[in-house]
Every structure is written in structure tokens, then in C-alpha cells.
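A single structure is presented below for examination.
Should a chain be cited, it is by its letter among A, B, C and D, assigned in written order, with residues numbered from 1 in that chain.
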Amino acid sequence: MTSIGFIGLGVMGAPMAANLVTAGFDVIGYNRSSGKVRQLVERGGRAAATVAEAVRGVDIVVTMLPDSPDVEAVVLGDGGVLANAAPGTLLIDASTIRPEVSRTIADAARARGLRALDAPVSGGEAGAIEGTLSVMVGGDAADFAAAQPVLNAVGSTVVHVGPAGAGQTVKAANQLIVAGNIELLAEALVFLSAHGVDLESAVEVLGGGLAGSTVIQRKAPGMLNRRFAPGFRVDLHHKDLGIVLDAARAAGVAVPLASHVADLVTSLRAQGGGPLDHSALLLQVERLSGRTNELDEEGEGA
Amino acid sequence: MTSIGFIGLGVMGAPMAANLVTAGFDVIGYNRSSGKVRQLVERGGRAAATVAEAVRGVDIVVTMLPDSPDVEAVVLGDGGVLANAAPGTLLIDASTIRPEVSRTIADAARARGLRALDAPVSGGEAGAIEGTLSVMVGGDAADFAAAQPVLNAVGSTVVHVGPAGAGQTVKAANQLIVAGNIELLAEALVFLSAHGVDLESAVEVLGGGLAGSTVIQRKAPGMLNRRFAPGFRVDLHHKDLGIVLDAARAAGVAVPLASHVADLVTSLRAQGGGPLDHSALLLQVERLSGRTNELDEEGEGA
Amino acid sequence: MTSIGFIGLGVMGAPMAANLVTAGFDVIGYNRSSGKVRQLVERGGRAAATVAEAVRGVDIVVTMLPDSPDVEAVVLGDGGVLANAAPGTLLIDASTIRPEVSRTIADAARARGLRALDAPVSGGEAGAIEGTLSVMVGGDAADFAAAQPVLNAVGSTVVHVGPAGAGQTVKAANQLIVAGNIELLAEALVFLSAHGVDLESAVEVLGGGLAGSTVIQRKAPGMLNRRFAPGFRVDLHHKDLGIVLDAARAAGVAVPLASHVADLVTSLRAQGGGPLDHSALLLQVERLSGRTNELDEEGEGA
Amino acid sequence: MTSIGFIGLGVMGAPMAANLVTAGFDVIGYNRSSGKVRQLVERGGRAAATVAEAVRGVDIVVTMLPDSPDVEAVVLGDGGVLANAAPGTLLIDASTIRPEVSRTIADAARARGLRALDAPVSGGEAGAIEGTLSVMVGGDAADFAAAQPVLNAVGSTVVHVGPAGAGQTVKAANQLIVAGNIELLAEALVFLSAHGVDLESAVEVLGGGLAGSTVIQRKAPGMLNRRFAPGFRVDLHHKDLGIVLDAARAAGVAVPLASHVADLVTSLRAQGGGPLDHSALLLQVERLSGRTNELDEEGEGA
């Protein structure tokens, strides 16, 4: 039975770890707040009190953490993964972080005789619960092959996209498209609302043509009902778009719409929208259009 | 057997008329260039030499024309639909035109005892051939009910979205989203290419997550193969985005990304991209990124 | 003594007409509200009760009106300038309107044996009072020469820029630059304020280097004191930017910043900023930056 | 006689050092390439073979270097300013660098008993030669007072804008406005050219109204003559706009036009425009407008 040390049992990590238990893995979970660990134990996993305990002697380590500094601390720091996992252990980092940090980790892992993949995911909490995430994997082909049983237990689209860091680059592109799609939908909804069109019908027909998207399927219902509880927080999407802009600037690539939507996300956040779901870009478009009176303000973030 | 006068047998109109024949309607077709009419006759339709001949005595008239002036001329002009169709005839205009023109036509039709719906479609040539178009219908509910058998023969998502003109407003929103989605995909592809990521794999995984869209499914393959033959021409999308911007400005609605992508489309057109498929926004992003040397210029428009 | 019929005695027209009186012209003024006419009479002008009365028998007609439809009505309409002024009269339209309307008026004037110039101005109320306006003149060179004494009485920079309509085109370019400069100053001020920099000192030094501009000289003081009473209304600048965007789109010219600032002006207006001075773009940038609490809301429009 | 160690005798530094000689200072110059030092000696200065030699025993050190890493190396590095200048020496850094680097240097200087000001300048090569630069100074008031004789010898507008780093923040705002003004002028020129307006006349009248700016005075002539030899290189403005965007993002401030023009500069650079003068944004607007055939390509960078 393959053993997995799983670090980071948050909104995404918890259901991913649970799916690994269901798939028959021996999962030892660690999380900073212990309540999440207890929930994993109820699902059939085991508890670790420290990162070191979670990774000592396991075959595979999965990390699912908020941002680059968290991953650096947990993987590279004292008492961290590399200091405690045995040579040969395969580290799968599912966090969304800067591509260069993923490359640093891959190098550090190799230097200690371990193997590392960057494997960020897309699909949100729903995809994590259903085990239907998209997983974009960077690293060596042999390591990707070794990770497949684990990745197939959490995702339905699992693709090796290139060497170390490539997973993060594709995830950055993913976040670029997602932010843009949400903003475009928000603009379309405010535009239609201002012209008196029935939004439910419009969303139905928009979803069926060339404008159709997963964003329309998953995000339009909440937007129409003015429910902006996350979901995926504006704060996190802001972080991700920072990765996009830095990588684009470094490569001299023009991403005009991405740049523009990043500004709109920054502005939404500056106005207090950080803790809301990213679909709250609708509120930003409404404010820009002077249509805030139509807002059921009570509904925000509820 | 319900008879339909069908005016405008272009890239979209020809397969739509053919599907109506297949569905058992008696279709009398008219097109400015007669070759298209002969093709309809081969499919089982009948030929009209003039608009008047196509609409005289039929139950339903369908028009599928490029732009607002074309529709005004064919419907309102001398020798046109309203002058020749019998009272009670139902006019279904599937063209993408200005919402106010659709309202003018509805009023003029009513004044002569006819009924009119605006019923623009989305889904492209493929959707027209397969009969899987999205149809967004504006007009009276009773007229929509009467039109359903016809519309269901050309589309798989047929929705009544509001009064006269509402179909056009929703189509405008559709074009806003489609242009934005193509541009976002183009930016993502150039971004990924600049970072050395394998584009085929990336597109596969992007399509499976929250970034997934009909645009990725239908347009990414051609973009990766650098095939930009239309399909849907940049010139037409430029026209449609003009409708979006005018309607947004008139309503005081902020559509920042739509406005930005409209500028990019204008620029692509100014550089000679008008006759290409709208997925040629990829070329625009490449130029902005100084990556034109990578272009297989031979492939353009081929 | 050269006689001038002056139509439109608003914020700009009143001081311009007064300066013409001071320069020794015989000025017969007309305005829709008669209070303005009385003020001109006090300054030494004469009163007209109708447009016809103002223009009958004069050597020169000057019009200074808000928008294209106003000019069309006053010049081309029944009881208007062309119907009542004598052949040979020189019409100088100082209004800011669509270039094509100026061309239409020039053609109509010529058809009746009159001569017409479009001569929109820049410099604001202060420039109108001081007689230091910039005047951009479109029309025939001979007519421009004939108009010089009049134009030099209201402006200090008077330039013939091309044939009929060219004055309006240059004015459109002027409004493009002015709106952009105000927005850039607003962004700079919010940026500096957020970083704790003393704004008075910063404005002084910015004005002295390559960033220096007439906008900084004339608009920064009011922005720092949060005084947004017009001056030049957001509503009017919105109108002017509409002329810019339409003319750019018609010519296939990319004006990305102009397009962007036009969106910001539209949004400011949608949020109720229409009656404020255009320097109120500062409020828009503050809102986008979540810094509205710093606003002395009492100060707005005061 | 006050002695000044001057490090960095490039396009800006050389004339600044020469003006200090003219003003009666004892100037010991150092530059990586010695030709520039010889020119200073010809003007009446003295030569140093190393940074250490230039700063040992002087009263004041002035640094004028391209970017943050250069300043860090020269000031903080081994053999650098802080390691060799005597306690009490006043360091005036005229380079344009990240505000946080200026703060780091101020702290490091204080820790060694030295004093430091950040004093970036605006006004270009012409302003440096004429001694009419705008100087924006961050640091302690007493140090600013001590630096005044030096700063007044190179600039005509010398302003203390706040504590350490504030000079850089104001310079960032300056570069934001300058880039925007150049782009707006470029858009106006292409717009006017497309409409057949005489550009010389238009520039004259634009410069005289509310659109007037130092950018129009200094940059329009070169743009009309299609001379894009620097001047101030696109590469450097790109660097400066990176400082703006990072500082805006860190402060949560919306700078939509700045962000947009930064993208256009990035794109111009990606297309090979990095070595040209920043007024080459005109070429970018022409390309976006499909008007490259009008370009006298020979003229570029000449």
C-alpha cells in the first residue's frame, strides 16, 4: 500500500486527501490547524503532528499550500519536507506558486536524492470534491509516470506539460483565462441587465453557443443570485495574476487583456473585495457602471 | 406543409436552409448570386429569382444577411419583404444587426399586419451545418411559439430572451464574450509558447478545468495549426463589437475588457487582418510581442 | 465698423463676445436665455431677440453652442443663420462638434453664397476671459485671413489647420490629449498620496520637468483643494471623446489610451460625475483605489 | 572650495558634472569607461581611477547610474562609496531607482555615519546640459539644505518632497506622466495624419491650449521629423514603468492608463524599439493602425 504524506488540508487539500484515502492510499495528513487533521482521520486517514512526522518514511509527499513563501518554508525550511523525507521520495506540489520557486524546489530535491513535480490544479472546490480536477504537471517524464496513480485519484484531466515549472506556467495561463472569462461574463450581465434582458434566459443561450464556457456553467448561477462567498478568493486570484504579469513582463510577451483584468482585480480588492469569490468582479463592473443601487449589499459574501 | 421564403444563402444561411429542407419544410430560396440558389435546389428546395418571389404567399420568411443596411433594404425597401409578404406572415430575421433596427422592423411589420422576430444565432458554420446553433430570440411570446418548429430545425439551444431587439442585445453580449475569449486564449498561447511549454498538452489541460470553453474546443486547433481561413471574419466581428460599444455607451455601462478587445480587433483589421478568421487575434498578440518571426506567414488565410 | 452677430452667450461665449466688444466690433448678441444678452448690452453690445435678428445684415456671424444638433438647428434650421444672413457673410462656428457636421455646414453655406469656418477653441473659461484661447481653424485660406481680426480678439494662438472640418479634427485630438493628461495627473496624485508624499511639493517639481503641462498648471490646484465645480463639465468631455472614438474607428486608427480614458470618463459619468469639472477624474481613480474615505465629499461640485 | 566625487559620467552625468565645475566646485569624476573622465578633466575637473579614489576625502558624493543594481554595487559594494567615504560625507544619488533601494542606502549610510539623499532628475539631456533639470529630493531636511548649492547648479526646480525614497516615488510619478503624455501625443498625431490634417499647424495650436505640455514642446519636432535617436531610451522608460507598476500594486492603487502605456512600451520594446527614444511610441501607434508603410524606416534610430 503506497503511503502519502499530505500537507495542507484547506478548502482544496482536504477533499483531495479524502479522495486519496478513498482510492486506497495510506494518507498521513498534516495541517497547521488540527481540526482539519481530525476530519481526515474520520475519513480513514492518519494524523501527523508535524511536517516531519507526515513525510518520514512515506513513498510520496503531496503539498497543497497558499503561496510561494508557504511552500518554500514547508519544503525547504528546517523541519521541512526535504530535511525529513527519505531519498527517492516523490514530492508532488499541487500549490499554485511562482514557476521559478518550483524550479528551485526541483533542484533542491534532486540535490538531496529526492524527486519533485509541480502539479497545480484547476477546477475549484467542486472539482476537488468530485475528483475531477485538471492537473498540469511539470517535471521529469518518469516521475510523472510514477505520480499518475495519485494524480488520477484527484483529477480527471492529468497532463504532463513540460519540465519543472511548466505546470506552474500553464496554471498561470489558466488563471489568466479564468479571470478574463469571469470579467467578460460580468460585463455581459451588466450590459444585458441595463438593456432589460432576462438574465436567466440570456445565460442559458450564451452557454449553448460559441460563448459557452465552464465559467458560465459554474459561476453564472451564483452571480445571478448575488452569492459571492468563496469559492476562490479574489485575494488568491490577485496573487496568481501577479505571477502572470511578472512572467509575461520577463518574457516580453504582450498580454493586454490579462493586464487589464489584473488591474480590475486589484481595484476590486482595493475596495474591500479581497475575501469574496472571484465572480465578485460583477460588483466591480456594476460600480463602474454606476449601478450599485441595484446591489443587494446584504448578499455580498454571505 | 409549412412554406418558408429564405433570403440570404451565405456561409451560414445555406446550411440553415438545407436543414429546413431536411426537416420537411417547403423552402423557397433567394440569394444575390444565383449559384447558391442552385445548390439549395439540389438539396430539395425551390428557387426564387427575386425577394418578392421568395416571400409571396409563404407562411414564414427567414432572412440571414450580413449587416443592418442589408436587412433594412431587403425587409423595408421597395420590392422587399414587407411590401410583398401577405399579412400574418411571420418574419424571422437571423442576421446580427443593431437592436434598434430590429425594433424598427418589428414596428414596421406590425403596421402592415405582419409579425417579426429577431433571432440571431451563435455557433458558427459548424453549428449551422450540424443544426446545433444557439438562437437568441426577441419578440412576442406567441410569435416565438409559432417559430419554434423552424428554429428547432436549425438550433439546439433556442431561447426567447425578451421583446423585439432583445435577441440582438443578447447576440451582442455573445460577441463580446467570444471576442474576449479568443483574445485571452491567444494571450495564453503566446505566453506559454514564450515559456517553452508544449502547446498541445497545455490546451488539453486548460480545456478540462475552469478555463474550459467552446472557444478552446473549436478555435485552439486551428490556432495551433496556424490556419486562419474563415470561419467568422474579423471584419464581421469588428462590426459586431461596434454594436456592443455603441449600446454600452448609450446605456452608460462600463465594459472595459470588451472595449479593449474591440480596439485590438480594430488594430488587427487595420493591419490587414479583416478577411481572416477571428482566431487571427493570435497574430495580433504575436506582433505585439515581437514574435512575428515565428509565424508561418504562408499559413495565414490559407 | 465690422458688425458681428454672436449666437450662444454661455460660459465660453459670453466672455468671447465681451472681448469682441472691447476690440471695437459692433456685436449683436443672441442667447436662448435673455439674461446673458442683457449682460452683453451692459458691456457695450447690442441685443437680438432671435437668431434671425442677430445675423441679418451683419458682416460676420459667430456661433458658440454646446453640441452638433444645436449647431445644425441654429445654422441650418428654419429661422436660422443660413436662411437669414446675407450672401457673402462669413460664419465662424467656434462650437466643438462632429467634423462631418462642420463639412455639411460649409457645403450648405457655399450653396447659399456664404462662407463658413469651423473654429473650435481650447483654453477653458480662463482662456475665454483673458482672450488667450487656442483657436484651430478649418476652411478656405481666404476666409481664414478674413476672420483673423475676429479670432485674434479672442485667442492668442490662432492657426489654420486645413480645410473645412479640420478645425474640429484638431479639437478632437486636443480633447484626447487633455482627458489623458488629466487622468495621468489623477493617477500620479493618488499614487503619490498612497505613498505619503507631500502633494504640493510633488506637483511643483512635476510641473518643472518633462512631465510639465498646462493641465498641471491649471488643474492641479483645484484637484489638491478638492474643488470640482466646472470649469469644463465631464458631460461635455464625454461628448467630445465620443467624437474622437467615432473618428478614430472610422479611420481605422488605434488610440488605445484615448479609448481607455473615454471608458473612465463614461464610468465617472455613470456614477453621477457628469456635472463636475473634468478634473473629477481624480475621484474616479480614488474610487478604483478604494480610497474614497479620504474624500471630502462635501467638496465635490462645491 | 567644496569637493564633489562624481560617479557616472553618462549622457546625463557628464553635463551635470560639467555644470558643477562651472559653478565652482572641485569635481573628481569616475566613470567605468575612462574617455568620459578625460572629457571632464578637459572641462576643469579631476580624474579618479576608482570609485574609492573619487570619494575618499570629498565633502559630497554624487552618483548618476542606470539602475538599482548599479547603485547598490557602487554605493554598498566592496570598494564602494560607503566603504571609502568619510563619516559625515553627504551622498546625493541622482539615479532613478526603486524607492526601497534608496531607503536601504539611506539606512546603510546612516549606520556608517554618512548622510544620503535620493535626488532623481527630470528634463532629459537638454535639461542636464542647460542646468535646468527638475530635481525631486527625498531625505532629511537638514541634508537637503546642505545639498542645495550642488542641486541648484544642475537644476532650476529643486524640491524637497519627503523622507528617504520620496524622491524616487515622485520620479516614478513623473515617468508615469511622461510616458502617458508621449503616447497621447503619438495617438493624436496618427489620428490627425489619418484625417489629412497638417501636423505642423496642429502641433502649434495643440501646444497653445489646455493640451499644451513640455512633451509637445520637446518631443513633437523629433516625432514629426521621424528622428528617434535617444534622448531617453525606451529600455530605460520600460525599467521606470516597472518601478511604477510594482509600487502601485504594492499600495493597491489603480493606475489604469499607466498600466496600459506600460504594456505599449513593453510591446514596442519586444518589437525591437528598446534602443530608440521613448518618442518612438509613435511607431507603435502607427503599427497598431496599420500605417507602417508611411514610415520612413531609414529614419528610425538615425
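Here, contacts are C-beta pairs under 8 Å (C-beta built on N, C-alpha and C of every residue); 3 or more make two chains touch, one makes a residue touch a chain.
For each chain, UniProt lists the protein as follows: A, B, C, D = 2-hydroxy-3-oxopropionate reductase.
Quick caveat, the model's predicted, so the values are computed rather than measured.
A rotation of 180° superposes the C-alpha trace of chain B on that of chain D, rounded to the nearest 5. The pairing of chain A with chain B is characterised as same-residue: of all residue numbers used at this interface, over half are used by both copies.
As a whole-number value, the distance joining the C-alpha centres of chain A and chain C reads 52 Å.
The centroid of the Cα atoms in chain A and the matching centroid in chain B are 36 Å apart.
Chain centres here are Cα means. That of chain B falls 41 Å from that of chain C.
For chain C, the set of residues that touch two or more other chains comprises 252-256, 260, 267, 269-270, 288-291. Looking at the complex, you find that chain B touches chain D at residues 267, 269-272, 287-291. Those residues of chain C lying in contact with chain B across their complex are 242, 245, 249, 252-256, 259-260, 263, 266-267, 269-270. Per the touch definition, chain A reaches chain B in the complex via residues 99, 121-124, 127, 133-136, 156-162, 166, 169-170, 172-174, 176-178, 180-181, 183-185, 187-188, 190-192, 194-198, 201-202, 204-215, 218, 244, 247-248, 251-258, 260-261, 264, 285, 288-291.
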